[in-house]
Amino acid sequence: MIDIQLKDTPLSTTECSDLVASPSTGGTVLFVGTVRDHTKGKAVVRLEFEAYAPMAVSEMRKIAEEAKSRWSADKIVIHHRVGVLAIGEIAVIIAVATPHRVAAFEACQYAIDTLKETVPIWKKEIFEDGEVWVAAHP
Amino acid sequence: MIDIQLKDTPLSTTECSDLVASPSTGGTVLFVGTVRDHTKGKAVVRLEFEAYAPMAVSEMRKIAEEAKSRWSADKIVIHHRVGVLAIGEIAVIIAVATPHRVAAFEACQYAIDTLKETVPIWKKEIFEDGEVWVAAHP
Amino acid sequence: MNVEILAFGIAKDIVKGASFQLDLPAEATVGVLKQQLCSTYPDFERLASFAIAVNEAYRQDDFALNEKDEIVIIPPVSGG
Amino acid sequence: MNVEILAFGIAKDIVKGASFQLDLPAEATVGVLKQQLCSTYPDFERLASFAIAVNEAYRQDDFALNEKDEIVIIPPVSGG
């Protein structure tokens, strides 16, 4: 089972955990990414996430499929938020259930590492005195 | 921050995630262990977890302190359930927040691996035709 | 040929809009498009990197473009 | 000396109770206790392993016991 969602409403850790839990697997590993209040010492007021939606979904699905086949994962959920987020809100949740616990940790780490490299989603940090697209400049 | 709980009521993934989330860390890794419906092909009806409570709590605290110092974790939560659990219910949740994502995965994996080795909690599997204390016999 | 290009993130700021038209030689490739973008909007040179997606997938420089393709500029991503 | 011992998990089934009294020589150690347990209740030999906690911490065989100690049999754990 793979469940990919790109949504502009709050994400739920319990929902993602429940989606991958099954009576036949013994453990789930989740990564929950939240919005930080500072970048390089500068206070962030809020964030905006923008996505090239159809490709963001298809790239997240690609990641889930790769993780599923490489680590024999039973179920993988990737939910990503878009729109305006306040400090502390959840931007992304990845949940992975595998027959063996070690594989779930590896697959989840692979998924978040790859998501940050390939999925067309952009984060804009808004400060008191301006705003910046993260990662745009070297 | 370290939060250790041994309780006989349902555990909450969202509660544990919220407990470690903080505006200053960017990510949380959680392990959620659920009750399996079979062992070696035999159908499990329900489970009972029994703990030597004061030492279970102190051993879980030791694990959290070690993980905190080895991986510079900001916050670690370990909640373990005791009593009768139905199939699919959550037996344990470990949540770790660290400044760097890789450390959170490592610290969480260390915590669940060590918990399964050292924390005095015992699981009894109840089948249709009998019951067995898990791991008791070679 | 005339193609329509979508822009996201900082690319939207650079081209001052979410989409725009660009004239390209017939049988232009992704590589040709990138050169043209950099000469029309020199700010693209200042990005850490940028990629081109055609019809919802990343494409290499030798990929041939067609007039009806959905072409998207993908500046450095920062999801998660 | 006479000590009180707590049992959990399968140890409870072996000694048929959550606690019991045992007579030990004065200045007995954890090692002596384990031998005595195995000779009184041979089923302890059949366990994958078992440990002894004294006053809420695991103790090695050479640890000396006192009459007032909280002594607990820890059969193989299976939490998580």
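By letter and in written order, the chains are A, B, C and D; residue numbering begins at 1 in each of them.
One rule holds in what follows: contacts are C-beta pairs under 8 Å (C-beta built on N, C-alpha and C of every residue); 3 or more make two chains touch, one makes a residue touch a chain.
All figures in this text were calculated on a predicted structure; none of them were measured in a lab.
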Subunit C and subunit B - chains in contact with each: A
Between subunit B and subunit A, distance of the C-alpha-averaged centres to the nearest whole Å: 23
Geometric centre distance via CA averages, subunit D-subunit A, whole Å: 48
In subunit A, residues with contacts to at least two other chains: 33, 112
Full enumeration of touching chain pairs: A-B, A-C, B-D
Of all residues in subunit C, those that touch subunit A in their complex: 6, 8-10, 13, 46-48, 53, 56-58, 72, 74-80
Contacting residues of subunit B [partner subunit D, same complex]: 33, 49-52, 54-56, 58, 80, 91-92, 112, 115-124, 133-138
Residues of subunit B touching subunit A in the complex: 12-14, 17, 21-38, 87-88, 90, 101-102, 105, 108-109, 112
